[in-house]
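Look at the two complexes coming up: chain A is in both, with chain B in one and chain C in the other.
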Partner chain A sequence: MAEEHKIIFTGTMGAGKTTAIAAVAGKNMLRTEAANTDSSVAKATTTVGFDYGEIALPNGSVLRLYGTPGQARFAFLWRILARGALGLIVLVDNSRPDPLADLAMYLDNFADLVRRGVVVIGVGRSDTHPEPSLDSYYRFLESRQLMLPVFEVDVRESEHVLMMLDVLLSMLEMSDCEDETHG
Partner chain B sequence: MGEAAERLEHGFAAERFAPHLFGLRREYPGVIAAQVCTSDGFVVAQAQRDEEAGRRLAAMVSSLHAVGAAMIEDLQLGTYYHLSVEASLGKCMLFAVPGTQGHLLLAAIADSSMLWGQLLSACRTLNEQLAEIAGQGA
Partner chain C sequence: MGLAEVGLSEADGRRLRAMLMMALADGSLRARWRLVDASHARVVILDAAKIDRLPRLNQDNRIVAVLAGTADSVPAGARTLDWPIRAEALLALLRDAEAQAHSPRADATSGRPLIRLAELLRRTNLHATHGDAWLVTGMTRAPMYIAPQRKQFFCTESLRTLHRFDVRNDFEIAPIPATALPIANERPKPIAMLQWSIGLLTGTLGPLPWIDASATLQLQRFPEFQILHHEPAHRRLAAAFSRPVAGIDAAIEITKLDRHAVCSFVNGAELCGYLRTSDQPPSVARSAARTTGGSKRSLVQLLRRALGIETTDG
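What follows is the complex of A and B.
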């Protein structure tokens, strides 16, 4: 039977959430961008509501992709958007001063999804900013008793975004199987 | 000038908006708070004492406005004017300030003593005044 899966993209302002959804959902994407007045980030616009796009899967199911605003002042929206979500993709910008602290903030704020283990982490701009390395990310996650996949990605490339979604869907299937086994 | 106002390219001064916001509160005791904020959620001027509450309001106003505007666009309903939310204990209205290319928003919160139409009319008048000021500052 065809199903709908709600997936959340989150991460700091400029990490590429809108770009990632646009890369796979195409022209019919819904955007809620406003002119950016925060001079600390060189970006013309910023998402202040949410981005929305859809992908139809070959089996008839639909992935509903929601992008959150990045800034902490929009945390009230993070909680709203997380309701009913099956999985989370956290995009980290490796060019920022402390990407691991950024990651920690999103893991804390989406604790329910993190607890269920349905989270994929995409690290961007690692070509120009190789540190922290993927090993550092895995050590960081291990220190929080988390086993989550981390990938270096360029979210302008649809293949990279689809790969993260593929992995997330596989994790969801495994999670369902475990629930059935233990249920 | 506040930090948020300084962020604006147009150089809108908070001092020029604030008297009009306080004027709304004086004229209509049912108005609990009034605020001008940027479309990306920073306070420009406000007539309320709790600054933290004002910052939270600015973020929510920008989100609601963006979602409302996106919905109007998606439904092809023309130009977005305002958004109103009514509850048992009060109501709030959000407006895009004309002439600011959607960069500035007006939000007004009122308790249940104020009628919806009364608030709408008062906000429209205020919004015209704000637009005039914004036009002078541009």
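What follows is the complex of A and C.
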């Protein structure tokens, strides 16, 4: 039977959600962009609804990739999108004033996926903004008793996006063990 | 392979070198023997006058032959080489060492230089470095310079060459002053790349000697896959070890990967300082592995194929 599966990309405005989805979905992508009116972020357009890309699976099912709008006022939409999702990729922009606070906000708002451990964190612009370091991210996660993968990535590189997706799928696969262990 | 002499007179040393050169020139030996320091040697020829050094030299499974005249006293069980050295006796000794190196038992115990390098690389995480820097020759065509304090290494060759290295082969590790590092001429690479690669290589030897294979292990951070040479299986292993896992056998059962893949990953992660023993109860029970062939696993394989992600069996 054909099924629908979804993976969510979230992160602040300009973190690269649209680019990441385009890197794997290619032409099969719908963008809902509008002119950016937030002068604090240097980009011409921003996502006002959500980005959507889809990949057909060999058995007739489909994988849907959703990119959430970045701003916190859309948190209600994040929770709707997260329902039934296989996993979450959080893209953090290291050039922002407090990337760890940004991360905290997304972890709080996607608590169910975080609890299931099906989350991968991609840190962008660490080449120009090396702080917080990966060590700081891991310390931050440890303070929340979380062990999630964190990678320095450039989402313009499709290999980086695929690597995050593969790690996410591995986390999903291994969460399978745990689910079945604990019933 | 390395041959060393300890305490030989100048004349005996000269004689030994000449015999070795002749044996190498006429193809009497299979291995490319070189004269090295005793700590790196597979075979050591020890003068009977320095017999007090025998116990120490006998460590690490070296072959030590005592060069002894009829009047010399040699401990029972010690291998001897009659003085003066004869070419046939030297050849027999070296061929013995070659034969042992190709026997299954020797295979299991070989890789000592690799383990020694792994130990040195591990120490760079502990800030207890040995010497200013190290020069590694014989693993790659180009020499490898390791700068522990900079957490970098220098090598003009790709690490792909290193991954083809036969762990049974010998190579040299020598301390060098930091001033000998090719800082001006070569681009440094993060030492994690080398730690990871050496860890993967040691996987054929099993878990590193200081790893308790039955201890509960967990990653404290993920390998930096975007810069580390890795196989798709390593991503699955990383996901498995993101939770406490009850040792290497449990990891094999959970991931359905072979022992070599699991030991390679564990050793690589350990050398990089990504892995720690955990006192948390393993959250992935061994019994789980029997049921992981479920629908989620099939879905994951389907998704990987659709995304064009290279997969591994298991």
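Throughout what follows, the second predicted complex is superposed on the first by the 171 of 183 C-alpha atoms of A that agree within 3 Å, B and C clash if a C-alpha of one lies under 4 Å from a C-alpha of the other, contacts with A are read in each partner's own complex, and residues count from 1 in each chain.
The criterion applied here is as follows: a contact is a pair of C-beta atoms (placed from the backbone, for glycine too) under 8 Å apart; a residue touches a chain by one contact, two chains touch by 3 or more.
Predicted model, so just to flag it, every value in this text is computed and none were measured.
Just from the overlay, do chain B and chain C fit on chain A, or is there a clash?
After superposition on chain A, chain B vs chain C: fit, no clash.
With chain A at the apex, figure out the C-alpha centre angle toward chain B and chain C and round it to a multiple of 10 degrees.
170
Between chain B and chain C, pick out the one touching the greater number of residues of chain A.
Here the partner covering more residues of chain A is C.
Should A:Phe74 be classified as contacting the first partner (chain B), the second (chain C), both, or neither?
first
Given the touch rule stated above, what does A:Pro149 touch, chain B (first), chain C (second), both, or neither?
In the superposition, A:Pro149 contacts chain C only.
For A:Phe50, using the defined touch cut-off, is the partner it touches chain B, chain C, both, or neither? Pick first, second, both or neither.
A:Phe50 contacts chain B only, not chain C.
For A:Asn59, using the defined touch cut-off, is the partner it touches chain B, chain C, both, or neither? Pick first, second, both or neither.
Second partner only.
In the overlaid three-chain picture, which partner chain does A:Met174 touch, first (chain B) or second (chain C), both, or neither?
A:Met174: touches chain C, not chain B.
After superposing the two complexes, find the smallest distance in angstrom between C-alpha atoms of chain B and C-alpha atoms of chain C.
Between chain B and chain C, the minimum C-alpha distance equals 23 Å.
Could you tell me which stretches of chain A are touched by chain B in one complex and by chain C in the other?
The overlap between the chain B and chain C interfaces on chain A is empty, containing no residue.
Touching residues of chain A toward chain C in the complex: what are they?
My answer: residues 5, 24, 55-59, 61, 63, 86, 117, 134-135, 138, 142, 147-153, 159-160, 162-163, 165-167, 169-174, 176-181.
Where on chain B is chain A touching in the complex?
Checking each residue of chain B against chain A gives 4, 7-9, 38-42, 55-56, 58-60, 62-67, 69-70, 74, 101-103.
Going by the contact rule set out above, which residues of chain C touch chain A in the complex?
On the chain C side, the touching residues are 218-222, 224-226, 232, 235-236, 238-240, 242-243, 254, 283-285, 287-289, 291-292, 294, 296-297, 299-300, 302-309.
Could you pull out which chain A residues touch chain B in their complex?
Chain A residues touching chain B: 30-39, 46-50, 69, 71, 73-74, 76-77.
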